[in-house]
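Both complexes shown next keep chain A, but they swap its partner, so chain B is in the first and chain C is in the second.
Let's look at the complex of A and B:
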């Protein structure tokens, strides 16, 4: 009777294994969260960015409770290693995202790293940051074939002016 | 995430078992193996005591044991019997599962015209934005003076000849000494 799970199966496991140990994984993610709050846009391997995203958004949810809240302050104290960022979190980021119901970060993939490992990299940024935008929202041009056909259809469907 | 699975080859086990059997044969602990006769490779005369050259006998038995166990282990290894022809080799090497998959998700970036993958940002446009971000961060660092001095107000970046609007009340202003780039739209 097999009493333990085979080593290669990981059904339903949500946390990735990063770093040297579980404590090291938390330290890694903590450094990344601190960097994100400081610089508002960071470039890191995709797996780390994806892992860190959940923690960063939960931290902002805690910050939205206000700095009078004991749990929120303890969370901010643990997750932000640079203590001047606690002020930034509660006074800048919490008001910025007060009206947003969720999803305060944007995760986009960038071309693989130039080094030997060709790692899958991503850039993660807080929405509403003052830096130049990474992706410009594209509106469909009027000159595309489909739009020209639709325009013609609309003109045909409109009732013609009274003939002279 | 990678999980190491240790697979131990069966060969050392078999080799250990073989050596143990051999040791037993040598010491005469398996009397029934040769049907009552003495082993054919052993000495014809049993010599009393360990008087005559005990080291020599041991070496001979060890070397013969090693040589015979090497032959034994060689006998147990798999080896190809026939040459694989070039036709068979070609079939194996050029099978579709071994060829590199062609990517069909490559597009042209509408901003700069370089090639990009559909789900990935354009490398050229990202490099442009990254450079501008770096320059803005240098200005921020100059304004802050020392490290760990991030302000408690929002930040806004203004280029040459721009005035802060009423939406920028109370924000820290970062000046960049150049014309506003076309892809950085002022909100």
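Let's look at the complex of A and C:
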């Protein structure tokens, strides 16, 4: 009679196992959240960035409640190990995201790490940060077939000058 | 009144004028006007807002869908069936810690029904499979029966005593002294002074000597309703299993307020029809 779920099956588990223990996992993510709030764009392994994303967004939701809220302050106090960032969270980040209802972070994958482990790396950044953008939206070149056809249409549609 | 009395003699002024002595109370006969028509006082307007609020604030816990990757269609269909059953049969509001009397249909009993009185120690399950466990001690034997809320075999649910306790789960009553689980089978329903707050019974239950079925002193159960008479070092040793980081783990929180509002609205619409 099997009394517990077999160790290898993890159906429906949402939390990844990072670090040495559940406490260590939270400490790891806490350091990453602190770094994100300080530098607004960080480069970490993709798994850690993905775990951290949920916590960062919930932290900003708590910060939106305002610093008068007892619970919000306790959360910020736990999650930000450097205490000068609590001020930045409530005074800079919360007003920046006040109008947005959700998704305050952007997660982009980058080439694997150069070291021996070749880990899958990602860059996670807060939206609206002052750094230069990571992705430049590229317009299609003028020489593509569709653009040439559209250019011709626009020229034909324009009223011609008086023929002499 | 004072102005209408003509010449006024200040009361208690110590000046005794001969003869003239106006009375300030009552109507003025001397002026010769008709007395004013009797105006009855305005009727007090009783705004019975409290009843509406109290009823609408309670949502039975089995309506709230649990978290997870489940299709909400399943819970929607179940909710329709639950509402259908509630229209036909009244399921009263009760909490863990209230004393209930349940009559079920039993084909083998002499009058085809079975009545059981007990304290509700647990409410589990979501949707149509919602259950509640009633416990009582009958002739020195502890008896627990787990009923389905929406079972068609249940003929009546009567709340004898509506109250809450300090915990959501009273399974520790199994290891408590039997006096805390005994309830008179012919108990009369305690009348509730309508529409106040639900009373919270802050009783601290005394336990039988260890071993217990579960180690209730450990922080994972977070029990407030037991009077632990264990030595201090045992209580300290139990704190070794505490996980203080769990309260800061934001992804474990399940905010049900918006879901609850939607379901309440749906319920009030359907049951109002």
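Operating definition for what follows: the second predicted complex is superposed on the first by the 146 of 164 C-alpha atoms of A that agree within 3 Å, B and C clash if a C-alpha of one lies under 4 Å from a C-alpha of the other, contacts with A are read in each partner's own complex, and residues count from 1 in each chain.
The rule is short, and it goes like this: a contact is a pair of C-beta atoms (placed from the backbone, for glycine too) under 8 Å apart; a residue touches a chain by one contact, two chains touch by 3 or more.
All of these numbers come straight from a predicted model, not from anything done at the bench.
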item: Which superposed partner A:78 touches (first chain B, second chain C, both, neither); value: second
item: Chain B versus chain C as contact partner of A:55, first or second or both or neither; value: second
item: Chain B versus chain C as contact partner of A:23, first or second or both or neither; value: second
item: Which of chain B and chain C A:12 touches, first, second, both or neither; value: second
item: Partner chain in contact with A:150 - chain B first, chain C second, else both or neither; value: neither
item: First, second, both or neither for A:91, with chain B first and chain C second; value: first
item: Which partner reaches more residues of chain A (counting touched residues only), chain B or chain C; value: B
item: Interfacial residue positions of chain C with respect to chain A in the complex; value: 68-69, 243, 245, 248-251, 253
item: Touching residues (chain side chain A, partner chain B) in the complex; value: 7-8, 10, 16-17, 38-39, 41, 43, 82-85, 87-88, 91-92, 96, 108-111, 123, 130-136, 138
item: Chain B residues touching chain A - in the complex, by the definition given at the top; value: 1, 3, 5, 110-111, 117, 119-121, 123, 126, 129-130, 132-133, 136-137, 148-157, 174, 181, 183-185
item: Parts of chain A lying in touch with chain C, wherever the complex brings them together; value: 12, 14-15, 22-23, 26, 54-55, 58-59, 62, 74-75, 78-79
